[in-house]
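One structure, pasted below without further comment.
We just call them A, B, C, D, E and F in the order they show up, numbering each chain from 1.
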Amino acid sequence: MVFLGASSQGKLLLFGIPYDSTTCFRPGARFAPDGIRFFSENLETYSPSLDKDLEAVRFRDLGNVDVPANPEKLIKTVEDFMKNVEIPIMIGGEHSVTYPVVKSLFERYGNLTVIHFDAHADLRDEYSGTKYSHACVMKRILELGCNLIQIGIRSGTKEEFELMKNSLQITYLYSPKDLPEILKSIKTPVYITIDIDFFDPAYAPGTGTPEPCGFSPIEFFETIYKLPPVKVVGFDVVEVSPPYDPSGITQMLAAKIVRELILKFWG
Amino acid sequence: MVFLGASSQGKLLLFGIPYDSTTCFRPGARFAPDGIRFFSENLETYSPSLDKDLEAVRFRDLGNVDVPANPEKLIKTVEDFMKNVEIPIMIGGEHSVTYPVVKSLFERYGNLTVIHFDAHADLRDEYSGTKYSHACVMKRILELGCNLIQIGIRSGTKEEFELMKNSLQITYLYSPKDLPEILKSIKTPVYITIDIDFFDPAYAPGTGTPEPCGFSPIEFFETIYKLPPVKVVGFDVVEVSPPYDPSGITQMLAAKIVRELILKFWG
Amino acid sequence: MVFLGASSQGKLLLFGIPYDSTTCFRPGARFAPDGIRFFSENLETYSPSLDKDLEAVRFRDLGNVDVPANPEKLIKTVEDFMKNVEIPIMIGGEHSVTYPVVKSLFERYGNLTVIHFDAHADLRDEYSGTKYSHACVMKRILELGCNLIQIGIRSGTKEEFELMKNSLQITYLYSPKDLPEILKSIKTPVYITIDIDFFDPAYAPGTGTPEPCGFSPIEFFETIYKLPPVKVVGFDVVEVSPPYDPSGITQMLAAKIVRELILKFWG
Amino acid sequence: MVFLGASSQGKLLLFGIPYDSTTCFRPGARFAPDGIRFFSENLETYSPSLDKDLEAVRFRDLGNVDVPANPEKLIKTVEDFMKNVEIPIMIGGEHSVTYPVVKSLFERYGNLTVIHFDAHADLRDEYSGTKYSHACVMKRILELGCNLIQIGIRSGTKEEFELMKNSLQITYLYSPKDLPEILKSIKTPVYITIDIDFFDPAYAPGTGTPEPCGFSPIEFFETIYKLPPVKVVGFDVVEVSPPYDPSGITQMLAAKIVRELILKFWG
Amino acid sequence: MVFLGASSQGKLLLFGIPYDSTTCFRPGARFAPDGIRFFSENLETYSPSLDKDLEAVRFRDLGNVDVPANPEKLIKTVEDFMKNVEIPIMIGGEHSVTYPVVKSLFERYGNLTVIHFDAHADLRDEYSGTKYSHACVMKRILELGCNLIQIGIRSGTKEEFELMKNSLQITYLYSPKDLPEILKSIKTPVYITIDIDFFDPAYAPGTGTPEPCGFSPIEFFETIYKLPPVKVVGFDVVEVSPPYDPSGITQMLAAKIVRELILKFWG
Amino acid sequence: MVFLGASSQGKLLLFGIPYDSTTCFRPGARFAPDGIRFFSENLETYSPSLDKDLEAVRFRDLGNVDVPANPEKLIKTVEDFMKNVEIPIMIGGEHSVTYPVVKSLFERYGNLTVIHFDAHADLRDEYSGTKYSHACVMKRILELGCNLIQIGIRSGTKEEFELMKNSLQITYLYSPKDLPEILKSIKTPVYITIDIDFFDPAYAPGTGTPEPCGFSPIEFFETIYKLPPVKVVGFDVVEVSPPYDPSGITQMLAAKIVRELILKFWG
């Protein structure tokens, strides 16, 4: 099973990282890559909003990365995998898997702006006894030297909110609708990471840590459609957890995000 | 078990068609008629929005049509059933079951305007080896000679969108709020078909092919309440799929649609 | 397992009433107290909207009341329990459990305004053979002599709607946004009871009787944040029914309501 | 929906009592009558073991009794219902509903032997604040003056086991295979009550209080087939709880028990 | 995703037929081929009972056949597919899919003995308006001229049981343990078809029509291990329905059957 | 929530290790400790088979160990915890958590016989990149110097089966019924570890890696009841995975095992 419209060629490379070993509350994100592929088959390849078709884009689906249980080894495994990936379209797994992807890109390009859609700040220094927990991923990315645009964050410790508002590396947007304007001044390569819990749990119930009062898919896609031309060098969708959504609407939303982002930036 | 408020008399006839044999992705719509009846018991008969009560309307619940597995035979079975039905209130089943109901009414009245709420265009010519797939139902209805008002469509092939925008038989409304104005000029009898995936999956997760970025029940009902007096000769609610919604909110929404439409047009 | 941030001291007392014996449609609310505690662990103690932290509030979690099956005995059991409770934070259970809590407070203070968020009027005189059904709870509370502000009601009999609109004891607000203004003139102690089905089923699918066309958590919390200073003497969240929500987003919403209300009024 | 093979005539009367209000652990038995009817449609009317067919038996399906929430009122409601029932085939509901059925029959016939298949003794005097809890049903039946044959009991308090072994009214059989011999000497009318948790949870997972180490359906049916001719005046199957068995094998087993017992005694 | 141990070579060809359109009671068998592959990954390739390893067998996994909705077209589609299959290992889908596989083999070899493990006779002439329903599959196979050994049948109409016992083409074994002896005299090629509902529902709850009082996996495998050398020219496992078994034990059993049969006959 | 009958005193200490981070197939065992406690409330404290009562035994329930995500750190955390535990009754979690418990006891007593009920050999040297995977736990325990009695193993690699049969440290029993005789000659302290997948999946569907053809609870308990007096210094029940068993029969079986083992050895 491959993602809808995948072909056997192209430098755009989709892959899954079925990892959820640091998930503190309830695991299941490991089932997301295959779950999202399954639901993608039910989408059309054509986007009426963009008037573009996936069949005109060349991208490959490499399947899933073979993951170890140990969080430190996971980082190394994904970094090795990234050596052969030009433009990554990554499907998690929990959010910790974003770090080694971003690290590889930052080292490749020398600088990087990470656009981070999420309900949670993910700026803790350590959690559950590891620095590579999904609760720490943005802290690690900051330490690399990336710039961070955090959007939709509505949960965190007081310390995380203070860091988010005070760090010169971080731009904090409560609502996605301010993103198009902000992006106009970005010169660096851009990576987009979407934690599905950015959305209100009504739209994405299948996730490890649902947080009320989120955004709607319409608000998200309208923002994406308006983005100015920037150099996007990859993106990911993480924290979908199929066991908690028997309806599959979360997986379907994730599949549509993948389709629309591919078409927006490479269609 | 009969639908809430059903009596033993009346020419308004509610019935279910528990059919899902052409469903390409995931079956389950066959369980909708009984599922919606079950949830209807939990509604009040009184509608505060319309200040009308189901107990003042005479309608019968005929139970479910006995369905064959073969899609061609299904058409014939429902057409036969329709011979004794004056005003149909049909609960699907997948959307393919709308065709024989509409065919019977078109032949009876000589013309018909079909108002079609849906996420998908359903305008393919053939699918899964049959012309009577749920993906083809609106194409078949067009061929009968009906006029079509399609509302909320956000998924289809490029060809379907072109047909939808170019066919003289089709009026395409992105949003339901334009419907009341459009209906003022309609002189023909009107049939309303509501595919539950017209709604955003957050409100109707129990459906075969959920499509993100739909409408809310409030947007739908406000449109219905504002409709001008037209001659409605029947309606249906299709594609509810109970196995994918353990909360039952999809079935409950469908039951409320049935109650409100009965009260709006015959209450 | 205790609610997030509970300590061993304080006169603010959280407790559960795992009772659902009069539930007419589908039981399950008995699992709410423990379900909501479980999900509370996944919230942060800090509220960015209020810039306050649960760790600075002293409240105890007393666990659950031992409940009998008989509805008349249930009233007596909870009244006895309330003798040792100064400020109750009650987690139901079905809505019938609100009555003995309110009765105790009304007798203690001599008057009481009850703010009632719900989809249903709950103003029937008798149901399923008992006056203590969850369908009758607000009727019983009226009889005590309380003033009632009912918000969001969209389901009931014609008689209930007439009572709601005509009774001098009841203020009926269709939308929560009018509440802050209304509350400015309230001099009595205030009790808040939140039936989770006040919210649209998309946001709270895990409930016994979901009713379409409700409000969103954002609309609710924005109202709460704007409330003027009144003397709140307790509150409850009822009718969460975990068996119908495998995603847990309903339990999570209830947990967030508890956190935000504690912080708003005692933080 | 009626039970498989039910007709519009006959003094054999099948009915459901959708009651679970005293269930102490987890409710759901209220959904059994309709759940078992639904699965019965998937059985054949013909029993190859008995070489008899349901279509040759006249029995009616009266639907479900309307039940109150209060356990004392429930007893009265069912007793009233029983006035018009000659031979009851009752589908519970929790086990407490057996008491009023047995009481009616005992009063009608003056004596009665109750054959009780169960994992639990159900001999407590009071539970959850009521004498009519499902944990007390056999104690109440003893007090009427019935003789009791208890089979398969493997859970209870020490006191219950002592009563079971010492009471002159009770015959305790660990295994069902001794029943045919015992029954040869019974002269009174016989009522059979089958708590589905008599079976090992592997065969009947959908029940409120599953108890490991039970019997298999083959052991049960082989016993039934060998029973000598006795005057059976009714039977019931109780404690099936569909919400806990998404596979439906429990409901299917209950439906097969109903078919085989009807055919054995009246076929 | 391919079945455990599949390689890129070999004339042993495994494939799935994800078809359930004639299923009369509850669909879902279409999800079995991928479900069984998923669970196969959790088996070891080594069988301690046979002391053989799948890694030493060359077999390919061709994926799933693309299926039409119409039952008559399905037969044609599978027959065409079979033209390129030397030894089929087929995973259904509902039982109707066995017919075109057997038809192809019968025509190829000129004669064929079909060993049929099932709870149901499947000997009806027509069902749900088609002769190709899963309830008719063995009748169709008889008409081809195959010999049939039916094992474990415990449900059917009186007519089916009479046919089963009287037809010269059919050998009826109530229990599998008589099979090894019977097979010693078989000279024709042999095809084995296993409807998962042959097993007691406790062991295989995930199936469309569970029938109590079946056999255990141990009884089945002990029979298989004792089979004399016969020329097996293919086999299938059908009627697994993953939506009804959230534990996956049915899928796991099916996967183990596939492994053990491959190893027994080709290992 | 504590385990049924737990008191505030005693050197028998029950605790949970909610860990599943190395689980290779499907996680969920982290929910077992609380799930088993919940179901224990539905057991009686009295065992009719042993004629003993939990209320006469003093044991404490310490709640759950706080676990890190990293498998190496997990070992250290549990070893530290064990310093204050005299007789451990441990509820997993995945099987890897048994290692640090056994290590502590082996170091304390100098020798130890481990009785291992399981479907899988768990004798791999490394798995998923760690030596502390649940697939390696018995290999690690062998390396400590323990004697091992492995019972019920029916899945493993050829190498694991050879080690199991050839190692002088291992006694391999296919069936549990040979254990009482074997135990008569054991002089060392004894630890019992029960992987719930020892049982046939019909009896314990809620586990990560169900393996067909296992044993029944009756076979297990009859073995336990017959054990000769040995010095049992602790036991555990692991690999229960509640998310895969909505009926809860697996949790109930685990709870009964805990009760019966406590009563057998300390009652």
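Criterion: a contact is a pair of C-beta atoms (placed from the backbone, for glycine too) under 8 Å apart; a residue touches a chain by one contact, two chains touch by 3 or more.
Which chain is which protein? Per UniProt: A, B, C, D, E, F = Agmatinase.
Because the structure is predicted, anything quoted here is derived from the model rather than measured.
Among the remaining chains, the Cα-based centre furthest from that of chain B is the centre of F. Over half of the residue numbers at the chain C-chain D interface are used by both copies of the sequence.
Centres computed as Cα averages put chain C at a distance of 55 Å from chain E. Distance between chain D and chain F, defined via averaged C-alpha coordinates, is recorded as 37 Å.
Averaging Cα coordinates per chain places chain A and chain E 43 Å apart. Listed for chain E are residues 200, 202, 205, 246, each touching two or more other chains.
Across the interface of their complex, chain F is touched by residues 20-22, 24, 26-28, 30-31, 67-73, 77, 128-130, 133, 243 of chain A. Contacts from chain A toward chain C in the complex involve residues 25, 154-158, 161, 200-202, 205-206, 209-213, 244-246. Within the complex formed with chain D, the residues of chain F that make contact are 41-44, 46, 48-49, 51, 53, 200, 202-203, 205, 216-218, 221, 246-249, 252-253, 256.
Residue ranges on chain A touching chain E, taken from their complex, read 1, 34.
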